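Per-chain numbering from 1; labels A, B, C and D assigned in written order.
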Amino acid sequence: MSDLNYDRQIDRSKMQIGSEVAIEISEMNKWYGTFHVLRDINLTVNSGERIVICGPSGSGKSTLIRCINRLEEHQAGRIVVDGTELTNDLKNIDKIRSEVGMCFQHFNLFPHLTILENCTLAPIWVRKTPKKEAIETAMHYLEKVKIPDQANKYPGQLSGGQQQRVAIARSLCMKPRIMLFDEPTSALDPEMIKEVLDTMIELAEEGMTMICVTHEMGFARQVANRVIFMDEGQIVEQNEPEEFFNNPKSERTKLFLSQILGH
Amino acid sequence: MTILTDPPKESFRLSMLIYDTRYRSLTFQAITAAVLALCIWYLGNNLIQNLRAAGLNIAFDFLGDPSGYDINQRLVEYDSQSTHARAALVGLLNTVLVAFLACVTATVFGVIAGVLRLSNNWLVSKLMAAYVEIFRNIPVLIWIIIIFTIMTAVLPGPRAFRGDDPASSMLFGSFAFTNRGIYTPMPWFESGFFASASLNWLVVLAGLVVSWIVSRRITAWATAKQEATGVRPKTMLPVLAVWLVPFLVLMLVMGLTWEIPALKGFNFQGGIKIGGPLIALWFALSIYTGAFIAENVRAGIQAISKGQTEAAAALGLRPRRVMNLVVLPQALRVIIPPLISQYLNITKNSSLAIAVGYADITATLGGITLNQTGRAIESVLLLMLFYLTASLLISFGMNLYNASVKLKER
Amino acid sequence: MKKSVILGALTVAGLAAGAAAAGTLDDVKARGKLNCGVTTGLVGFAAPDANGNWDGFDVGVCRAVAAAVLGDPNAVEFVPTTGKTRFTALASGEIDMLARNTTWTFSRDVDLKFEFVGVNYYDGQGFMIPKELGVSSAKELDGATVCIQTGTTTELNLADFFRANNISYEPVPIETNAEAQQQFLAGACDVYTTDASGLAATRATFENPGDYAVLPEIISKEPLGPLVRHGDNEWGDVVRWTLNALIASEELGVTSANLEEMAKGTSNPEINRMMGTEGSLGEMLGLDADWAKRAIAAGGNYGELFAKNIGEETPVGLARGLNAQWKNGGLLYSPPFR
Amino acid sequence: MSDQTSTSVAFVAKDTIPPSPPPGRETGIVKWLRENLFSNIPNSILTIVSLYVIFIVLKNTMPWIVNGVWTTSSLSQCREVLNGETGACFSVLTERWNQLLYGFKYPVDQYWRPNLALLLMIVAAAPVLFFDLPRKLLLFTAVYPFLAYWLIWGGSVYVPLIALLGFVAATVVFQTFGKGSFAIGFFGAIVAAFVVWMVGGALIPETASENALLSPVPSRDLGGFMLNLMLGATCVSLSLPIGIVLALGRQSDMPLIKWVCVIFIEFVRGVPLITLLFVASVMLSYFFPPESSVDLFLRVVIMITMFASAYIAEVIRGGLAALPKGQYEAADSIGLAYPQAMRLIILPQALKISIPGIVNVAVGLFKDTTLVSVISMFDLVGMIRGPILASTEWNGVYWELLGFAALLFFIVCYGISQYSQWLERRLATDHR
């Protein structure tokens, strides 16, 4: 992946890291059948942190963030999101899901609903927001991601980059405190990657807590305050971006970075 | 604007008929037309010669003659003095009846089996897989015969209900399951508004329509309320009341009573009879086609990528809402076109009614009428015309639907 | 006349029979086989046995014709037909004659353009009921459920009978005899109606035939006989007189046992004419002198055929009744061989 | 890491954590049961209901099957042997085995012929069904129809031989002249075939079939399950080329050809097969020349082939539509004429995509061959409903016979549909 150079100045002033803990994962283990996919994961995320997770495919990055909003079930250890522990209790799951937004690699917009309906669906049915209010919120966020004029089109009529921005807006409409990004740009063409990353940067500038699985190292360098490298289901190395990229400690990290940046 | 000059005039050559794109297509079509005309002429000529040799002609006036036979199930007035055309009409309505009933139940079977097949309960999903495979891979004719045989052999004859200590007794004293069919109580009105039973039923129907309108109003009100406040009021009880209360009041006022079937003479008399052949054919078609529909439903649900469910779940929607708001609206688009073609198949397969003695149009017009009058060509032509019309109507409906729900794409 | 190898090949394979317009008799001779339409299976009249050999009363007529025309009672292709397909099969030339319990009626003879060559069985439609119902007359059947084999005149007779007596019934039309029987035995219908001979044949196969009775009423006349296409009178004559030879031989006392002896010449000129020792009847038919002898040799005379297939000694157990010779009070009356 | 300000953040794993087995409750049969059968209350109820259903079915059928009688020669003997107990009378299957499989007229000493034909059919079908087999085997597939025809119907070997020669001549002519002009090659091939057939037909001696190596068997004598298989195989293979032509015709931009195909396809798909069989049994004879009559088997084959080709045309049309437009454009752009483009580029790909659909049509059609029993042909169902149930010995044996028929069809159809699913999976990976 190439380093992207942004022609805009990134405002780090608001990117303050708070003191309260947003996510706490301790001794978390997960198996797919007998395959040990996540091994002894310990991770604490404070509010306002911007974390980038990278690693070779199959290393468990996606599984890790999907555990955070319980798209996957973990079998051992604890996950606490905003003081609520993830258990089998449906109430807890609902609470956590309405506070954690997520963007997927393949956008997963609902093709049978318009852009606006995509954005108002969850606020209306989950948050019980009046429709008018939900529409106002949706338009607000659609303006934020710069596609208000597409509100009445269907997802199939939009480009990939636009779709991903809609997906971000859709999550934001739930006013989440934490955003998870699962390789949001890897299904996109280069010029579209930029528009999506811009949206993400804006989000970061507003102080959103973000965990992002991505291979966009330029983004990691400039936005993240922490980079985590995973391999074979465990966290191999984590550090501040400068240090992580310039001075990796682990052999596996070095190998990975040389492959991903080395050309 | 440039002025176009005429292309240089080409003298027409014979080879242009094949090699010139302007004439090529015309040539081929002319050849086709000629071959087609030749075939039609040949077949028609043979037909005329054969008919002349046999001293027959093609005429449809036999349809106006009295049919001379009786039909056990008839939705319109009919007796043996009615015309052959009327007999065909009785058969036609019977075809429509069994096809309609089978479409409804096949859908129910299919949806249940299709959804259960995706269940995470291993046993249930395997059981449903077995159902689908067994029924899909055995000819429907065999199923129709097997189910008819089961009905005949397993259910008791009316004789079994006779005597002081009968071998069988009626369920709740009012339902009789016999191998001639199922007899159920028939509702009628003691103090109805009109003398005619059908007018009274029209009143009931009107009442139901009113209930429907009111319940629609309630739903609309709930939606409006939700849009305004965000909270959707619980409408289940009011809606239930709107449906039930007027209905019950109407029934009470009109003095609803039940005519219980009772064994008199050879058969149960009174009540509603659902004939054995109808049940066998109906059930066989439903369960056979249900297996196909189950596969369509499964494919439809599976066609909705896991990402859709996950995205909806990640937004905090509960599983039931995920199903209603995200998966079903999309799955239906995938399911309905093959579903309609299954309905077409049911309509066509209902022609196997003759294997169980159900008086559908194939059995009346294409069976007894054909036999008694010997008008084979006319009867078969009419029969095909009917099925063709039915199929085209159903396909037409399907195309309209498809056009209306097509996903918009770039 | 070879059109192309395709048609030729099909003919060779028996897929298509190139029937020239010359006349059925010549066709049959040229082909070396008689195509005879029979029912798909009615015990005693026409049914294939475990080895696929057709056997029965109607089959006997087919074999007699084949023996008379071709000299070999086994030179018959039996073509099973249903009530629906029988007339088309005959009209289209797929079969040369139809010997399937088919009732001789005006419209079939005149309107459908067939020719009934005689009657080989005088039948009538009857009713069979389980004895436990305690019914002794068909007039007591008000409200009964009646199984009928569809595609025959029985449906019309049934409607007429109940209408004439102003009583109601519920018909259950069934395709095959076996299925009608299954319905009847299971009690899905109270009554089974078909030709009295068919009732007897069906009852013969029951586990407990004694539990069922045939009601005394015979509601219709059902003269069953072989038929051929209209217009081919030579062929019609062959079938007609083969049938008559079977009937007459019983009357004249010619049986398969004394056939050889009779053929040597007797004092009865009619027997002699029939056997070909006197006159030239065979020649007039377009056959040889021995034709009737072979027809009788095929399965015996009418009486022998009857006794062997449907008589009182067989499971079907039919009495001669109307089908006795006219001298014995029956209706069998062959025109003279003169 | 010494100069890091946020030391709390920096972390390097010291060693690799080895994979460990999942916790105890996550393994073994207990977990499997908990997850798959009793994960929650509704699921547990479903499980119990299912178990009950299975129990009921087994309870009712097992004694019947286990007590089955295999060696008697009539139903009444069966009843004697069973002596009032529940039990099946499978003797009907053993006693009428040959009739169920071959019909009641096929000569018993000739059963090896259809058997061999069936065996060879598997060999002939193999290269079509499995692409990995050597393409040379297709040569046998091409010869097979003639061989099978000769095996089953017997008679003079010249008939299928000359028919085959006609096709060979047509191929040769087409290969020679078709390169120059498709039209010349095409019409030349037709003419060549007819010349060979005419000349060959005239050369066949009239008596050829009488002293043939294989005694001739009339098609009326075919029956039982063999008849179902033959009707299915014949009609599907005949309907393939017709279906291709119809599908191409429906896509044609010549209005007349297009509409002829559309009307044919929609008409045939709009009526039930049984009405077409009625046409075969009561109507079609009137359309043949007055002096000839075509027997029921051929008439039925004609109608079922019509029926199948309409359905196959629709499947192939789907395959043609699924091909990317680029393939058509690429074929045009390298200068291929329409017939060449179809034959070399489009059809091979479209047919490959369509195979699962075609197999499904074939299975459906094979099941539908049972309908011929309605028009008095003695296929498997016809044998059961006709001669066997009408016979004195076996009158009343329904379950055993119907169950046997169902089982036979299930084995064949399930086998074919499993193949089709395998193929679909394979095609899905091929196209990646």
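Rule of thumb we're sticking to: a residue touches a chain if its C-beta (ideal position, glycine included) is under 8 Å from a C-beta of that chain, and two chains touch if they have at least 3 such contacts.
What you see is a predicted model; the values in this text were computed from it and never measured.
Trainee: Centre to centre, using CA atoms, which chain is the farthest one from chain C?
Mentor: A
Trainee: Contact counts by the stated rule: is the higher one at B-C or A-D?
Mentor: When A-D is set beside B-C, the one with more contacts is B-C.
Trainee: Using mean CA coordinates as chain centres, what's the chain B-chain C distance in Å?
Mentor: Measuring from centre to centre gives 43 Å for this pair.
Trainee: Between chain A and chain C, tell me the centre distance in angstrom, where each centre is the average of that chain's C-alpha atoms.
Mentor: 88
Trainee: I'd like the Å distance between the centres of chain A and chain D, where a centre is the mean of that chain's Cα atoms.
Mentor: 52
Trainee: Could you please state the distance in Å, as a whole number, between where the Cα atoms of chain C are centred and where those of chain D are centred?
Mentor: The mean C-alpha positions of chain C and chain D differ by 40 Å.
Trainee: Specify, in ascending order, the residues of chain D that touch 2 or more different other chains.
Mentor: 278, 282-283, 285-286, 290, 374, 385, 398
Trainee: Can you list the chain C residues in contact with two or more other chains?
Mentor: Residues 84, 88, 91-92, 175, 182 of chain C touch two or more partner chains.
Trainee: Among the residues of chain B, which ones contact at least 2 other chains?
Mentor: Within chain B, residues 50, 149, 153, 354-355, 370, 376 contact more than one other chain.
Trainee: So which chains end up touching which?
Mentor: Contacting pairs: A-B, A-D, B-C, B-D, C-D.
Trainee: Can you tell me which positions in chain B touch chain A when the two form their complex?
Mentor: Listed in rising order, the residues are 226-232, 305, 307-308, 310-318, 321, 325-326, 329-330, 333, 407-410.
Trainee: Mind listing the chain A positions that touch chain B in their complex?
Mentor: Its residues touching chain B are 69, 71, 90, 94, 97-98, 100-102, 104, 106, 108-112, 121-122, 124-134, 153-154, 156-158, 167, 170-171, 174.
Trainee: For a test of understanding, state which residues of chain C touch chain B in their complex under the given definition.
Mentor: By the definition above, chain C touches chain B via 83-84, 87-88, 91-92, 107-108, 111-113, 130, 132-133, 141-145, 150-152, 155-156, 158-160, 162-163, 169-175, 182-183, 186-190, 229-231.
Trainee: Give the list of chain B residues in touch with chain C in this complex.
Mentor: 50, 54-56, 68-72, 79-81, 149, 152-153, 156-160, 179-180, 264-267, 269, 276-277, 354-355, 357, 359, 363, 367-368, 370-372, 374, 376
Trainee: Can you name the residues of chain D that touch chain C in the complex?
Mentor: Checking each residue of chain D against chain C gives 76, 79, 95-96, 99, 103-106, 108, 149, 153, 155-156, 159-160, 162-163, 166, 194, 197-198, 200-202, 204, 208-209, 216-220, 278, 281-283, 285-286, 290-298, 374-376, 378, 385-387, 389-393, 395-396, 398.
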